[in-house]
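Each structure below is given as structure tokens.
After this come two complexes, each holding subunit A, first together with subunit B and then together with subunit C.
For the complex of A and B:
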């Protein structure tokens, strides 16, 4: 979502920025981009750094797609009997769907070539994480999901305000322009972006608090951890390169 | 509030045109107050609102009220985007709003399940028009909706179908309706990909998108009708009666 407001102040001509298959973006981490995927003037890209993150996200999405849920086994104390707990089919389907959606959102966030798209994908990760955690119908777990949901909702404020300040100060949201040294992004906007991503990526804390890393949620809970880790790594790349 | 300040500033003076705040690379009109641009003034106002709402959220203990306060915070985020005042800001508000509404809906659902606030109604509305009118009204609105097409047509057709399902009671159809809605959404997305990648085929994409959005909106609305969960006797329940007779 780049705009035309900045036409005068963006130093490199736009022909060089978009569309040309031979001109790749220079980022602060790991240098030159490997791959461009233009959608109009939104140009997604992968650098060696983000390509590694992308493969990581893809791997875990496939794991979530093909793996079966973990079933809890409780041993009866003082005897040799045990009983198993079944995961209801509905819960399984919903959690699997949410885990895959979370993987796709993570991959989108990693590939995003536009600050606002990145914030939207981050908010999307927050919603899908909420879905994964809240699929378990248990008062204690739902309490934690509610707390996380409040945090994720509040977190959209620094995210979007950060993106809005980036737009206000530089006149563009495209990372292709922002990653040039000519565009000066204020520290405050970067700080807001990082705070927003921290709030959205706080899900593993609540997963640990609700103690669903194993039985009721595995292996789909993995996706919560993977997505927040990867989105932290991505926002660091963005903030350093801007 | 902002316009009030702006008018006051306009009448006061047009002093110091060059003195602008640090956040004024994009011009937002000519009016200035204390050497600050409209954007900076608005941003200061938004930051004050942010502090007030976060303080309220910190003080509040009731879960439902905290949920409502987070919605307030979402609105301030939208205000901060709206301050930009460009076409792009307009384009950014819509996804921001959608994210906010989606999160609020999910949170409300969690709150309802968490606090066990689900309660089946004891009686349903049962009047004569609900036995005689549904078919003719639904067919009429469906045809008119297809003629209108697009989002508006979807809303009209959907209302007709909602009325039909609400009166005739067909809760087992929810699953298949959701499935069709999903396919319609896929059509819409495919149309957008065609717009971006093969712009030469824009007319095909336009038709695809128009049909997709018609089906999607109509079906999403009609799902509301099937959610009434009656048994097809015009709202009269077989067990327990409707409380009127």
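For the complex of A and C:
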């Protein structure tokens, strides 16, 4: 919206942009907000769409919390012998901690009611994914973790530039305001947000390439996939609604 | 054999060592779109900013002066002021040591911000406090990972 149009249409602009807090004037794919959770300027919320994602993330966090790591058994060909791969206790503890942190970050990102808060939670997910992958002691896997780490670091640039552009072009970061059509977010900012999330959520590709989905410590690797899937679904919802 | 376009692209994409380069290419394409849309005038700066920033060069707290005096609320813009009734009281408060520094020299702005009891940014720590919590959590996780990897070979 240009300045001249705004001068006629939204006088005073505060009434239109900041007028009705905690209510979406138009609901697209997400539906009405079920509830809101205010933290000062950041008002988190769940809609029917994000509530489904939230329950999904919560379920997998509980699974990571209570499950025991997978212990693989290798049978020696041509004999009765077999050997089991044992998981060191410190690796187990670390991976479990990272998986739970990743689940909490995913739930935070799903509930986020503020674009900058969402990008922060996305960066949080990226760094916990890196922790989960990097805990496996294997040169091949650590090489992949390094590649993913590079990508995640590069990805923070478009991610935060996108959030900064949203603030600069609309003057606000709250999704309650941005989801109404009075605030026009340029396509460039949306594209930056999406490619930023792509870089942070790229971890499953490296996980699959490193073939650690069924490696020792398997149930915690699941969290990498879950968090990436859910954060993609969330950013698509944000970009469509904005 | 003549390779089709899809086979040629998938040959590049299947090597995960190329992923960083492919991603960099995507960033360059999006940046080009951004430059074109700036040239086309699609991206304009919104004058009515939620978090405005003004610099008062004559203030001894320059460039971090956020207004207000101790025990009186400063003018702080917030998206939802009703969520934070005590808005404006944090940013005005200075410790006695900081007040002394102001009187000594007008060039201690950064020092006052950097020492305990200096200016607390109200937007950073009160109205957008959740952001600060998440930022420190990210740092915490990063240090935990670094610590685990560094100390793993000690046993």
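Throughout what follows, the second predicted complex is superposed on the first by the 213 of 242 C-alpha atoms of A that agree within 3 Å, B and C clash if a C-alpha of one lies under 4 Å from a C-alpha of the other, contacts with A are read in each partner's own complex, and residues count from 1 in each chain.
We adopt the following convention: contacts are C-beta pairs under 8 Å (C-beta built on N, C-alpha and C of every residue); 3 or more make two chains touch, one makes a residue touch a chain.
Because the structure is predicted, anything quoted here is derived from the model rather than measured.
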| said: Just to be sure I read the superposition right, which of the two partners does A:218 touch: subunit B = first, subunit C = second, or both, or neither? | reply: neither
| said: Looking only at contacts as defined up top, I'd like to know whether subunit B or subunit C touches more of subunit A. | reply: C
| said: One more residue to check, A:123. First (subunit B), second (subunit C), both or neither? | reply: both
| message | I'd like to know which partner A:97 touches here: subunit B for first, subunit C for second, both or neither. | response | second
| task | Report for A:160: first if it touches subunit B alone, second if subunit C alone, otherwise both or neither. | result | first
| task | Using the touch definition from the top, say if A:152 reaches subunit B (first), subunit C (second), both or neither. | result | first
| Which superposed partner A:233 touches (first subunit B, second subunit C, both, neither) | neither
| task | Pick one for A:139: touches subunit B only (first), subunit C only (second), both, or neither. | result | first
| Partner chain in contact with A:63 - subunit B first, subunit C second, else both or neither | neither
| request: Starting from the residues of subunit A touching subunit B, keep only those that also touch subunit C in the other complex, and list them. | output: 3, 39-40, 116, 120, 123-124, 127, 130-131, 134, 137, 150, 154, 157, 165, 167-171, 173, 186
| said: Using the touch definition from the top, list the residues of subunit A that touch subunit C in their complex. | reply: 2-3, 13-14, 17-18, 21, 38-43, 90, 94, 97-98, 101, 105, 108, 114, 116-117, 120-121, 123-124, 127-128, 130-131, 134-135, 137, 144, 147, 150-151, 154-155, 157-158, 165, 167-174, 177, 186-188, 191-192, 195, 198-199, 202, 205-206, 209
| note | So, in the complex, the side of subunit B touching subunit A is made of residues 22-23, 25-26, 39, 46, 50, 54, 57, 63, 66-67, 70-71, 73-74, 76-78, 80-81, 83-84, 86-89, 91-92, 95-96, 99-100, 102-104, 106-107, 110-111, 113-114, 196-197
| said: Considering only the defined contacts, which subunit A positions touch subunit B in the complex? | reply: 1, 3, 5, 9, 39-40, 116, 120, 123-124, 126-127, 130-131, 134, 137, 139, 142-143, 145-146, 149-150, 152-154, 156-157, 159-161, 163-165, 167-171, 173, 186
| task | Write out the stretch or stretches of subunit C touching subunit A in their complex. | result | 16-17, 19-20, 23-24, 26-27, 30, 33-34, 37-38, 42-51, 78-80, 82-84, 123, 126-131, 134-135, 137-138, 141-142, 144-145, 148-149, 152
